[in-house]
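Can you read through this structure? Questions will come right after.
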């Protein structure tokens, strides 16, 4: 039996759907300055395009607070398709009345901390050196099997819940507390404890984690979906005390939205 | 008698009214460019809607300084109703002359540090394991009783005082000083000392604490109401020296407003 | 003789005039687009209101740099009167051509570190417990006497010097260096050393300290007035090395203005 | 054999092409307000200028997210030529419909950590003192040879890959962890380990490092080019665990773009 | 011989010319919307005023990147004259087409670390107490002599080099590393090492240091002038490793400009 000092610190990770959040503020004065007829024309054009998008993995949420009036959330197969989403939206007349206050670009991600320990352990036991062809092949094979098994989680449907909570986050890289210097086994244990809290809320909250390292300004995006928005607070407050969050989580802005089917967008935009 | 290492670190917490603060800046040039007649029409329409809102838990405050001309504060039963508030405001002609510079979304919160110690202690003594059905039932039962007893504090009336001070805050999560790693008993003690200062000001300041973890960019919002705004400074300065504030409090922007009954909004907006 | 562990950490503090700084940027293109006649009308209206304000504790300064063209500084009896100042300004036609880039709200403050030590010491010697009625009465009595003695410093005239330097500041609350955890006697000593530097500049610089805890985003505002603006730099540079500033001072933006009597505002605004 | 304590800490460094990134947001309402004929005229003028630029080391990328609609990336011989690029763009009618949200100015840089160790070692062995004429001549001679050998890497062609990832970064200068105080040999070792990860991705990712100390607000800019944008995430995530990144890397905003040949810019801008 | 514990920590410092940097962005759409004739009229008026300013210590630089199109740099005798510069510029019709994105206000400064050690040492040896009339007189006498000797450095001509690099900086005041707590002799030694690097670049880079404590948001401004802008990078990179910079320097934004004589401003602004 061999032991490697150079076992990779990166957990095995699966990527799925590409995801774009767009936070939009309506330019109310310009919108209101139109005639009612023109507004209806513009809404009709937008409704058609957005209904089409709803069928392809998009949804609209009306936001609470000043960060925007509307948040569009898009799941797609890849970045090319997200580019297509952007082009479609820009070509709508409605787009002139929308200011994109912010956005978030990421891909659905599953961090396989438990599998990682097993696979790396098994490879090490058999004396397979990291990054050799044999190692790479076995890792790729393992990822492929998991990718198939977890396809529904990697390419999720838009959850049907009426409320969404979105926020980006980082793992801390402080001068004294640095996630990226914690041994893999420690990280695995902390992520396990963290997951256990999530599972107690599984009936009330649907959670989708996306990775954005290299894509956007934070490392991960978190989307929570629920019937009762108070559950977001309870879940996140409870998690704030677990080790991985208390020490290593850093949070960006929080966005709270209420699902607005395209058929009801007029309720928001009609005057 | 049993002792658990896994007694939850989260204090029992009650949630009440949903709350939205909206900071608004008047677009003076556009507003002044209207005819006096048109301004009166717009004010009349707004007065009707805002008077109605005043009856449902809203109030207007004129702000001191550049952060806005007006702050609207809304207490409601839930987020759905806050969404309704937003829709009503957007449909006012006045809204075209208002820029929402910022906002804050939260829910009235009571952190039951003292009860928590008793209840968790009693459950532990009787050997009830955390998160078992028995534990959950007893906790939920306790919360239900407290929720009833504290209903007036959870769903407060808008205090009648002429001055408001609003600010958001976080508990520090530093690399060396981290609120979320302090044992529950320590936190209970510090919150007790903190509360003792507040009680000495009880006659002069009405305080409402709201929780915003998962809802907005800080963890809590604090609203203080008083006759004499100097009391805000004395209270907050004194608290800054208590342990929980000195070490663990981090503050956002401060907003100072003067209550402006809707009937007098014209005083602000008439030229 | 008694010794109390619970001697309050807050120094005795007097509050005086309420103060508002308003930094204004002229909307030059819109202003220049007016006819000369209209500009003169607007200036005449503004001159009347501002001359009136000058008589009540206001002054105008033209700023150096991009942070604004003009800074209005207002001393008043209370926040109500500052609210009145804001209403008067908003009703001027000139206001449409001014963008308020920032502002600062505070009250003149005297921190009585030396008296505090004496009074607390004397009360402790006589065995009077903090926050008992006897304690409160004696403290209030002491404050009342000092408030009368220091009335001119608490409600200052606008200093006549041609240059102003304004900046907000905080006392540090770091994880290792935290002003609010330093014993009162230590703070008293450091503030004494700090004051000694100021006294060496007393002939050249008039200093007014205002407190803004609970009112604005920093804890204190500092206004310096001088004939020669180089003295601001020498004073602040020298102070930066004293213990209380070196370790505990954190500074916001600096604003440098030149006094512009209302009678000469036309020099700035006429084209 | 001599040993110097004053061996310079700066690694030998080669500079190549000057590089400018320009992030642009289309002013859609103003653009859409034009007649289709006028838009075509403007596009025709722009297409000619941009096609010309493509031949000189420029490329256009359509961005994902709100940070901009378009990113122009320019390689040139020197800053004079980048100034010329700016003048050409400003003179296009299209420029009125573009808002430059941000930019990045840097020069292609190769840090020769391995050569540095050898050259400094050899000079020290022969007793040549740093910064003497002999030292300077030998260093300059070495740099000249390397500059010739590495000319293609110093003045790269625009990589042909469809996806780009750009981000700026700093080396940490914390109070406890400070890259600029780490001995040269330690830095060389860490950069070697870092490079080894990069080499495993060489087939999938083309990387261009530019230096911006003295030119822009971060110390380095990183451009990655790939067929599959998921590779950006995998590479950067894996690197985040290596010592030099985990401890010493600090990252700015991330920009993800899709190559858009000038011939297809109309696809983005035509309505 | 006496030794004082209270030798002042502030180095002797000379102040010279007052300096204002103004970063300007052209409002291209509004500018382009004018007729060519009107643009020429406006340019003619501006050329006259700016040519006049060039004769009084001002220069224009076209900027690279999005931070602005133009940077005006003004040396004057005092702040009154800088105020006059601002008034002159605001009265140009061209000013309506310029947005001042930022600015920097400072005075040329020479920190006399070496003289300080000698003078303080000599005074201490002779038993002269700090801040006594004798001390003050001798210090003032010394400063007066140095002020005369260094007049050309205190009131510099605008260097003729084609490239400028400007950035503001602070000395660190961290919780563990704090420049303002380092003994004077230590600071003198570090500044000496720092200066030695600068001297090796003296032929290639002209450096002007200005102090801005009390005037602007950073403590110092640095202007570098060179033929070849790559030298900025080499100098600043090399300095980043010296002790005073590695540990104590904190940098603001960097601005790179190319000298544009007023006679050639039309090249930038003509369409």
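General observations
Which chain is which? They are A, B, C, D and E, in the order written, and residues in each are numbered from 1.
By definition in this document, contacts are C-beta pairs under 8 Å (C-beta built on N, C-alpha and C of every residue); 3 or more make two chains touch, one makes a residue touch a chain.
Source: prediction; values computed, not measured.
Centroids built from CA atoms put chain E at 29 Å from chain D.
Averaged C-alpha coordinates give centres for chain C and chain D that are 46 Å from one another. Residue positions of chain E touching 2 or more other chains, listed in rising order: 175-176.
Under the stated contact rule, the graph of chain-to-chain touches is a ring, a single cycle where every chain has exactly two partners.
With the ring opened at chain A and read toward chain D, the chains come in the order A, D, E, C, B. Those residues of chain B lying in contact with chain C across their complex are 26, 28-29, 32, 62, 64-67, 69, 163, 165, 167, 172, 174-177, 200, 224, 229-230, 232-238, 240-241, 245-247, 253-254, 256, 258, 267-268, 271. For chain A in complex with chain D, the touching residues are 8-10, 13, 15, 20, 22-23, 30, 79-80, 82-83, 86-87, 90-91, 93, 95-96, 100-105, 107, 131, 173, 175-176, 178, 180-181, 211-217.
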